[in-house]
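The next part holds the structures, each set out as structure tokens.
Next, two complexes with chain A in common: one pairs it with chain B, the other with chain C.
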Partner chain A sequence: MKFLERLLESRLWALMRKETVQILKNRQLLFLLLFPPTVQLLVFGYALSPDVRHLKLAVADYANTADSRELVAAFATNGIFDVAAALNSPQAVSEAVRTGRVTAALVIPPEFQRDLARGQTPEVQLLIDGVDANTAGIASGYASQIVRQFGYTLAGTSPAAIDPIVTILYNPGLRSSWFFVPGVLGLVLTLTSSLVSSATVVREKDVGTLEQLLMTPAAAWEILLAKLAPLFVLLVGEALLALAIARLAFGVPFLGNFWLFMIFTSLYICVGVGIGMMLATIARSQTQVVLTAFFVNLPLIQLSGAIAPIETMPEFFQVVSLADPLRHYIAIVRGMLLKGVGIEALWPNVLVLAASAFLLIAISTNRFRRQLE
Partner chain B sequence: MTSLHPAESLQQTAPDAPAIVVQGLVKRYKQLAAVDGIDFAVRRGEVFGLIGPDGAGKTTTFQILAGVMEPTAGTASVLGRPPRDARLKIGYITQPFSLYLDLSVDENLRYSAELKQVDEALFEERRARYLKLVDLDRFADRLAGQLSGGMKQKLALCAALIPQPEILLLDEPTTGVDPVSRREFWDVLAALSEEQVTVVVATPYLDEAERCHRVALMYGGRLESPDTPARLRAGLGLARLEVHASDLERAEQVLQTLEAVEDVQTFGDRLDVLVADPERGERAVADALSGLSPQVGRADPTLENVFVTRLRQQGSDPPLLNFPHPLRRSAPAEAVAIGAHQLGKTFGSFRAVHDLSLEVHPGQIYGLLGANGAGKTTTIKMLCGLLPPSTGSVTLAGESDGLRSSELRRRLGYMSQKFTLYDDLSILQNLEFYCGVYSVPRRLRRERIDWVIDICGLRGQENLITGQLPGGWKQRVAFGASVMHQPEVLFLDEPTSGVDPLARRQFWRLIEMFARAGTAVLVTTHYLEEAEHCHRLGFMVAGELVIQGTPGEIKARQPGQIYEVVSADLPHAARALRSLFAQASWRVALFGDRLHVVLDEPDARLAKLQAVGHTRKIEYSLEDAFIGMVQRARQEGS
Partner chain C sequence: MKRILAQCAKELTQFRRDQLTVALAVLLPMATLLIFGYAIRLEANNIPLAVQDLERSPTSRAFADRFYATNQFVPAHWDGRGAPEALLDAGTAKVVLIIPSDFSRRLDAGKVAPIQALIDGTDSNNARVIRNSVRQVTNFYLSTRSETAPTIALRSRLWFNPGREEALYIVPGVFALVLAIWPPLLMAIAMVREKEQGTIIQVFASSLSAAEFLLGKGLAYFLVGVAQAVAVFGLGAVLFGLRLAGDPTPLAIGTVAMLAASVSYGLFIGTRTTTQSAAVQAVATSGFLTALLLSGFIYPLSNIPFPLSLVSNIVPARYFIEITRDAFVRGTGWPGIWFAPLLLAVLGGVFFLASFRSLKRMQLPG
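Let's turn to the complex of A and B:
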């Protein structure tokens, strides 16, 4: 009772009440917290998928025999290629690829049946539009697989002594959304926490109330803590929302310990909020803070492996990315959601997060009082 | 008619038709009627003043006349058209001035010209002309953000003039502007009026209202029939007595109980007493003050007397209530509550404050005066620990180190120049917040908050969003918020800026109440008659404290002699006398309906004054002293 009395009388309580009322009155902020993250998760989850399906295929079947038609059918049945055109001249084929009407073209020469009959390896030509290198690579991989498979069926034998059996762990369906969604979750938390926290801190400066606030007995840490506590609650709510979307829309599993995950997520929210606060103490107005946040957030995201795997980066940047807290958070999310590992495997990442959060918050608290100078 | 008006614009309305006609105008916001059925007409070339307390509906009226808001009922016509259609002919300056602070003076003007599609050649010509008129031609390349408050207002006026409006709507254009710049601003308005520009202006300064052709008093959304200042003064039906006494505070208390006295007001170093019958009143006052060696003189009532009396009749006098449960203070009177020793601050190569030393003791009110940009706000920020000084030291509430400690700040109160309240919170939420951060004990909070709401006259409106309050009202709430913890040291940076005259009186009574309870107060103001309430004054010019002392000492130390000149044709008299002084035209200043002339060698020029009008030797007022000091410094600087 006495404790409650003291709490209600404390400066911190007064500051927190004021911030909470201001946040609740700020409809725009609440909207910003809920709407874009949902959209981002859905858009990234669905649209960023690197899977290649329904590629348009032109076919020039000069052989036109039962076997050649079967080969065409083999291409058409697995959903990767759709036969979009049947052509009969080499010019028409190359024209179709050049204009982008089709992504790939299969040319079966007239000798196809003859070679087969003679026991020679028949040759087929596959033209692939290489402008989109990624798609081209995947298409070529699929195509060679289909052709090889077709060859085996024809020959009726198993060609190789070693037939590798690959088992894919953690993401058995190799669903790329499982890779992306945890990354986007980290990305969304970074963006919203840094933007929202910088906006609330810098607003006082923008309107001119900062001076008055600094003249009150409230210490810098009290002011900042009061500003961030209600935001923190909202951001945790946002993390839960993102998690729910991951589960419901993409079926991403959750194998780890939920509470441990929320603790680590809270730690990362502290990092995001720390970034925002620091930007706010540097910037002089709302527009400035949004622009600087852009400069900071983009490299953070690029280096984190949220979208492109870290292994695809040049070695130098792979080293640099070790300093990116988002990289560590995403490692935690992927590890806990997909693999179900806990602190025993993730402690280095957690350590980096804790250190970044401490550093950022310490620097901004220290800078806060000196902003007017 | 001069070149100001292209011929075609005059053909649309007859030359003698009123420029603005307002009939039965009503504007409602939900249930609240901001403007409640007003009628008036403004002649072409007239300077028409709207005066009234905060929240009277002046700003709403301006917004309707400017065509940015539609009335709920009634009509407004500007130049014979609905305001919306006349917008190209209207120049409108809003309360927070509409300049781009990161653009230069020239760029601001050019933008304004392009917005209203002013021809390039015409623009060049007008630019040169108006910049010269407002005396900003030397600063064309300076960023608007780096101009002083007065210069910004003149630039805003200049930008509004570029499209050559026939109508100027000015909503409190001189709020927060120093007395010298205010005079210059009004000189420009007078010049424009002579060129047949119609000016409608709202102002909380009643000496400015004296310079209008006609004035209308507005309150509660209603308008009293407009009249000339002279007739308004005469229509009051009361006589004014100027009373000097040895103890003004005591004299005021005595006179307030006197039946023959309608109103008493401390006005600088004298009391203004309104009585129905001058002879009987004079005798009654002299008798009542017999122990205080009174000197009673008769004078005409001022517009301020009219304003205050009318508002009192409306019952809108804000109450003066004692602060609930004040703490007893035992600080010795000789202790240093605010001290500065050789304080200096430089920003880059700019020396904002230089070698400033001052001392304020508990219970003392110290007034820091100076033109816009003289360094007052920088000084206050250094004194209260917001800004570290480049040189020198500060003592606060007896402490000289740890000026940033939370413990010390608890004993300070601070009201900054603007925006001290959170606009998105309600009045009550704001007050609760400040009670909380200053750790006012919970059992006292309710009382103190009620006290603020009552002195502001906002009972029943506690849950109004602060952003919707008119400026002057916000100032009152902000003042309340900054004293709820009964600080030992109180900093007030232009607390009464934009506050109406009646509320300003209450403000000073409250400040005096806190001082009597032992609070040391440092205050800045541009109302120099208010500065008389201060126990000690310091004048700042270009970052330096040039003179300190009691109001009496400062006035006594002014060089030269002041003469008051009264003339039937004041503008003519002013021009004639100014031409006399050539380079030092500041020596002739308009005070309401009379001129004040400063002569360093009276004998040589007195005859010329007497040729212009009725001349009499008077004592220096603080405002005369202020103008003299600022202008002499300016002359030396150039």
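Let's turn to the complex of A and C:
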């Protein structure tokens, strides 16, 4: 009780109230805290879809027999390819792929039926637009499965003698949003916490009110803490909002412990705020702060595995990414939301987060204090 | 015309004076290219795979070795104790293969031998790739066991990028991303700064018309954008070996159209916002996000679901990506992409008109 009374009468509390009023008056800041994260989560979740389906396929069936038409039908009915054009000359086929009108072209030679009848292996050709290397690779894998399956039906033999029974854990429907949304949650927290905290600190520098604050008896740490505490509360609110969107819009499960998750999230917000403060001590004006924020945030996000998974990066970047706090936070989010694991699997990530939060805040507070004196 | 050039010269002088901004204007596009160009890869190699071989026969071992013989899987560290699911929980393996104890007996008897593959589905794209690979490796193993030829042989040929180098797909997209973010960002900041510092009142009071003011300012950042474009194309050629695959004119004209659209977009944001941080957030959310997600940069455009797919039609980067991919990889030239520079020019015109209208209202008539 005594402590609470002292707190309420303290300078720190007065400063905090001043900052809170200032933030609540700043409509644009509130808008920035709410609108871009919502849009980002929704767009990332819905727009990023690695599914390889409905690829446009041109067909040049020179054999034109019942079997060759069956093969075309096998391609057309499995959802991977949509027959978009039937062509009848090699020029037309190459033209269709070259101009990008179709992604792939299936060419069945005239001797298809003759070879089949003689018991020889007929060759059919698939031309794939390889510009999109990932899609092309997956599509060619599917195509060979389709052709093999069709061959078995045609020959009447039983298919593969080894039957791989595939069980997908954590995300059985392979919904891509379940992968992206936890990553974007981390991304959004990084962007807003660093931008908002650096902007509020630098604005006082820019406008010159920082000198006025320094004239007051308040100490540097009080000024900083008072500035950052209300922001911290808002950012925790933003994390909750993002979690709600993940749940309601994408049905992302939450298998871990909620309170533990919020503790780790608060830790990460400290990291984000620390980045923001660091930027504020480097930059002299708002223009510089936003540009340097980009300079720092881009690699943080790209190396975190939010969009492109870490395992696909070149070795060198995988090692570099170990120093990226966002990578560890996203590992925590995915682990707790999708896998339902707790501290027993995530403690290395938590340690890195705690260390980087401490370092960032300690260094930037120190720099801030020196700049003031 | 003379006034436009004077405005442009003034703008460039002002730009040069802030050295940190100049440095960032050069460094940021290059850094973007480096990070996106090297770090974004979609296809996983060296996927950690653990095998729980309950049979331990030469056949089962030969089968398991087939997986490690591809460059896609590497053995995961596992002492063989405990439940295999724990490996996936901890993330030390992405896939666990369980070979039952009657594997070779069933196989030799001509019966179907089931095996189990547990795949970590957290990353759905990779899970799909792993699933396909497991099936392909199994089929390949079977084809080495039996002598009979397949009923039908499929010869797949990948055009334009036969080695499936992902850099050829990603890096031309990064060019578009760079030109979609940095020129409009610098432009919007320059525009909104006049408002923030109140210098725009002086412009209104002068005899300079709104169109002249916007054109002069835009021209300056258009030139900055040209420098950025040349820098990233050059760096792309040096680091990733990207060379022009055909006619260079679509790329040249397309780049001009893209920069015009980008810079006008920056002007538009600059005239509509009042503070620098708002302008930056607006460009970051609307420009960067759309260029990254609604342009076909990472995954094909056709995968974007319905209401969002409409938005992607007004994203300049989408058209420029078609131009760069064609110029650096496909090499078809005008017949394949004649529409893209045209649409970019139209988009640029619309953005410019919109910013012109909102600025004109603030100026006194006469």
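To be clear about the criterion, the second predicted complex is superposed on the first by the 364 of 373 C-alpha atoms of A that agree within 3 Å, B and C clash if a C-alpha of one lies under 4 Å from a C-alpha of the other, contacts with A are read in each partner's own complex, and residues count from 1 in each chain.
By our rule, a residue touches a chain if its C-beta (ideal position, glycine included) is under 8 Å from a C-beta of that chain, and two chains touch if they have at least 3 such contacts.
Here the structure is a predicted model, which means the values were calculated and not measured.
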### Query
Which partner does A:G237 contact after superposing on A: first (chain B), second (chain C), both, neither?
neither
### Task
In the overlay, answer first, second, both or neither for which of chain B and chain C A:T135 touches.
second
### Query
Of the partners chain B and chain C, which touch A:P110 in the superposed model: first, second, both, neither?
neither
### Task
Please name the chain, chain B or chain C, that touches the greater number of residues in chain A.
C
### Query
Given the touch rule stated above, what does A:L71 touch, chain B (first), chain C (second), both, or neither?
second
### Message
So in the superposed three-chain picture, is A:P309 touching just chain B, just chain C, both, or none of them (first/second/both/neither)?
### Response
second
### Task
May I ask you to decide whether A:L195 touches chain B, chain C, both, or neither, giving the answer as first, second, both or neither?
second
### Query
Where does A:V147 make contact in the superposed view: on chain B (first), on chain C (second), on both, or on neither?
second
## Note on the structure
Residues on chain A touched by both chain B and chain C none
### Task
Flag every residue of chain C that touches chain A in the complex, lowest number first.
18, 20-21, 24, 27-28, 31-32, 35-36, 38-47, 63, 85, 88-91, 94, 107, 110-129, 131-132, 134-136, 138-139, 141-142, 149-162, 164-166, 168-169, 185, 189, 193, 275-278, 280-281, 284-285, 289-290, 292-294, 298-300, 302-305, 308, 322, 325-326, 329-330, 332, 335-337
### Query
Where on chain B does chain A make contact in their complex?
381, 384-388, 404, 406-407, 409-410, 412, 414-416, 418-425, 429, 432-439, 441-442
### Summary
Note: in the complex, chain A contacts chain B through residues 5, 8-11, 13-15, 17-18, 21-22, 25-26, 207-209, 211-212, 214-219, 369, 372-373
### Query
Hey, which residues of chain A end up touching chain C in the complex?
28, 32, 35-36, 39-40, 43-44, 46-55, 71, 97-100, 116, 121-138, 140-145, 147-148, 150-152, 154-155, 158, 160-172, 174-176, 178-179, 191, 195, 199, 283-284, 286-288, 290-292, 294-295, 298-299, 302-303, 307-309, 311-314, 317, 331, 334-335, 338-339, 341, 345
